[in-house]
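There are two complexes below, and they share chain A, which is joined by chain B in the first and by chain C in the second.
Moving on, here comes the complex of A and B:
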């Protein structure tokens, strides 16, 4: 008489693991439920609440939200001063993204192609380091750097760049009494703050460009410029677009930098912050908040068509 | 600590249940007729620095004594602007709010605050008579709050540039050369709140009498348009608008700003830092704020709230807060009777004698003394001021 080859159950643990073995989907459901709930309720739920709010309106004197469905709040977005805010933000986001791409490319290219060993580590550290210090500290530091009595003006005056700076600040569209109170200053700080988010994906994309292809290109008689135009750039494009998603969306939503640096003209993030926080106009804030979401959806769609997500 | 907190919360909850029961039984808006025993807690929406318990500076404490005497534990939610205060009170869950005149009437209109009974506040008679029936908390003869503190929006200036105090607000409104021979472009600031339109209107009231402005808070279309036009000129002079007191302080130090409307608070801090600044109230007069403590219509701790009303008038609060904030007490006796640190000179410096020159913040409404729907209401002030700052 031989005993069966099945071991007797040794309690709860065995039964549970047996159940999981028999129904593999059960484990999957158990593991996925919390994150899906998180995503569904906390993220999508709050987005839905926001969308709902944007269809309400506000009683203009007492500031009480009227919970009746209306498109009045969206119509308010098209008032001249609100349209100004949207266009101003969009223009800034585009300029910041383009400038970041132009400045970041050589840095990322050098880091990916030429930096070796210890230099590579130094590069990574140099790019990442600003991300480790507080955002607010960096912005306030820039306020002092760009101030009329700050170091940048001082240097410009001492190397003979004073008149050039003054000429730039005289410009109607982006000038001001000093860099720290002009849109030009806002732009500089935006570019500085979001730069790492552009460099890192770019560098990752450039590292994936095989050296053999570059060699093949030169074997076939292409000049350096041709190689860059026809091999390196197209292959790095998804990385550039991935980086631009960061710089573009972060600039669209930021509300701290234009509050501290610049001429007080509103940006979308700042408008949302003021309408919901200080003016208690949650419906208009919600309507404003939908603007960058819509812009980003279009942007992501374009990015997808250009292959930014192919490496995912 | 946690246990204590939980017990407190349980107590608050049961009290809340009790309170909602009583509010359900008594008709809303009825004022209290007697002050019963305290409910053990009190939550206040206040300006930063308005309700101090000695945590910022040991010498400034007007909460601990109240808590010991009444057993009402005070919690504070600070707000930075009047609009934020209205928003918080609309959300509910608070007992009191220290509302300025540009918030108080909105709260009354929104039905968010209840009528109070001055007979239940023994020290009511000590309040400055000019404030007792002030229009920003008295509607149709009913009182909706107890005066807290008031002060002027002064003109702060750099004493190196202005050897003598500027006599007019024109230094921040019109393009001109300052006494040091340089233009004022980019060297002045203005307040980043729609209520600043009233400062422009007040300036016009003095310089363009033909517009017929009688109150800077009651503007018809033409007067309003003239004020906005003046502010558009100011936009070309202003490098940055201020709403954060500390950014303004930094701008006076590092940004070459030499004149701006401001609060005695910033003037005091900059002087303490040995910066060359002083403040004045120019010939056109000034706008100012007069804050009122108001009671939420659904307050769960009305007895504690009434005890606070009495406390705010009779304790060291009036004197010490006026020193702390650079404001003027609503109880004039607090300047002289030694209940706190304030002195007669201090009150004068903070603007006690300038009451008549000050036009206090009031919410602009459509139905004003010029007629039904004759004035431009506040919501348009909000959106138009955003437009002006945006250069439109």
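Moving on, here comes the complex of A and C:
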């Protein structure tokens, strides 16, 4: 006889693994319980608490939260100064997303189609490197770059772009005394900070487009522009939408960049921060916090209706 | 409709020469299979005809037109890709009409074309589906439909059936044969499967390492292969090759098989060296009593297919496969004699050239 085909049981580990093998459900329950609890209670629970809070209101004399269901707080969002905040944030988020998409596309396209080996590594490193350093450090660095005495103004002056920059800063609705104190500056920093979140999903989507689909398109008579419009762009669209979800929602919720760079005009994030903090108006903060969620839901619904996920 | 003419075609990728000075005429209306093992340059050749691969040197003509440096779209060819390359974001109808919509054909006209093509390919029930909702065979048909709708002068197929399971492959093979009969358009078909090439094509081009080994009808290639490569590649199970010693100068050539008797083979050329190889197909060998026939053999495995059976044997001249009567049993290990049908011998010299056929 050689060694037997059935091996003897070896201790505790074998017995536990045998028990799991006999009852696969038990293993599934054990594996899933912690994350489900986390997701259910901590994550969705806090979101539900937020939703609940937004239906409360604040007593204007005592400043105490009245725990009764009312839509009064939501009505307050439509006051001129609050609506102003929402529209400003929305406009900024749209502009940042569109600009990021336009800048990210060629980078992602190059990385997906042409970069090989070492260049691919350079691409990933270049895109991810900024993500490894602190967000605050980057924002403050940009404050210096954009300052009146900063490098950008200096470069503009030396290449003869000084008057152009001054002209832009004179503009009423995005200008200011310098780039770092203008909405234009806020916009530039937003685009910089969220760019990697646009490039990476876009690159992933473009990389999944097989070369044969592009070849088939040219075989079927498409010009390069037609191939881009009818094949590359629709197939990359899920990636573009995924990236825009990041840039859009991150801009909608950010409250640090507008505080440090810009003309201190308030954004949704900043409003939430101030209402729940110093002002102690948690219901209004909660109502404000619901705005980006609603906007994102509407955005995704429109994207789906337009067929953005058909290629998935 | 048009034929394809290739003159002195060369393809280099950097320093690597994949196709070397190839000449080939594909007659108008023919079904030509480019056959070879992977890496022989057959797909590259097809992609060069399609215009997806730049031609390093030589001339490609479709009909009377020189298209060597023409854009793919301007060549009047339509390619069916191995991976189908259907667009997942478009419906079957939109996929089929892709080329028409690029050309700015009106929606109504697109519908008529889609209806015509989908009826021919039995896709009429599926026009609103997306490729993800189709089976492999249906996707294949959509890919063909997309090429069909362009009314090309030449169809190019790049291993179109290799992603299908065995049953579906046989079925699609039949449909392709029917399609060619109906349309009569020139078709060029790349495959590594010699059965596909034999059953579909009226002209087979056997390629090895970027060089054409032989061009001919399926039966010519089967019955009169001009070298050992073609002889071994065409036919399933493959031809048997037996080592032997020829007595130089005689006609017919008399060859002493290694460890066996002597056979007489009709040849058109004389070998320069005595050591030759004798090729014989499995159906031209008979199993006889031990001691009889030209060679002794030991049965190793027997494959029963019902209508026939294949007996695998070891002989002193090398391993052999013999097609045998399925009613006779040959237990593994039993000793038998092998009788070779001398009218069907192929003799190959040391360079692999066949001495049995006139070139």
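In the analysis below, the second predicted complex is superposed on the first by the 276 of 312 C-alpha atoms of A that agree within 3 Å, B and C clash if a C-alpha of one lies under 4 Å from a C-alpha of the other, contacts with A are read in each partner's own complex, and residues count from 1 in each chain.
Assume contacts are C-beta pairs under 8 Å (C-beta built on N, C-alpha and C of every residue); 3 or more make two chains touch, one makes a residue touch a chain.
Computed from a predicted model, the values in this text were never measured in an experiment.
Enquirer: Using the touch definition from the top, list the residues of chain A that touch chain B in their complex.
Expert: 59-65, 76, 79-82, 84-85, 88, 143-144, 147-150, 176-178, 180-181, 260, 262-266, 271, 277-280
Enquirer: Can you tell me which positions in chain C touch chain A when the two form their complex?
Expert: 50-52, 71-73, 77-79, 81-83, 85, 87-89, 98-99, 101-103, 130, 146, 150
Enquirer: Spell out the part of chain A that touches chain C in their complex, as residue ranges.
Expert: Against chain C, chain A makes touches at 210, 212-213, 215-222, 226, 230-231, 234-235, 237, 307, 310-311.
Enquirer: Mind pulling up the chain B residues that touch chain A in the complex?
Expert: Contact set of chain B toward chain A: 80-81, 83-84, 86-87, 90, 106-107, 109-112, 185-187, 192, 238-241, 247, 250, 254-256, 363, 365-366, 377-379, 382-384, 386-387, 389-392.
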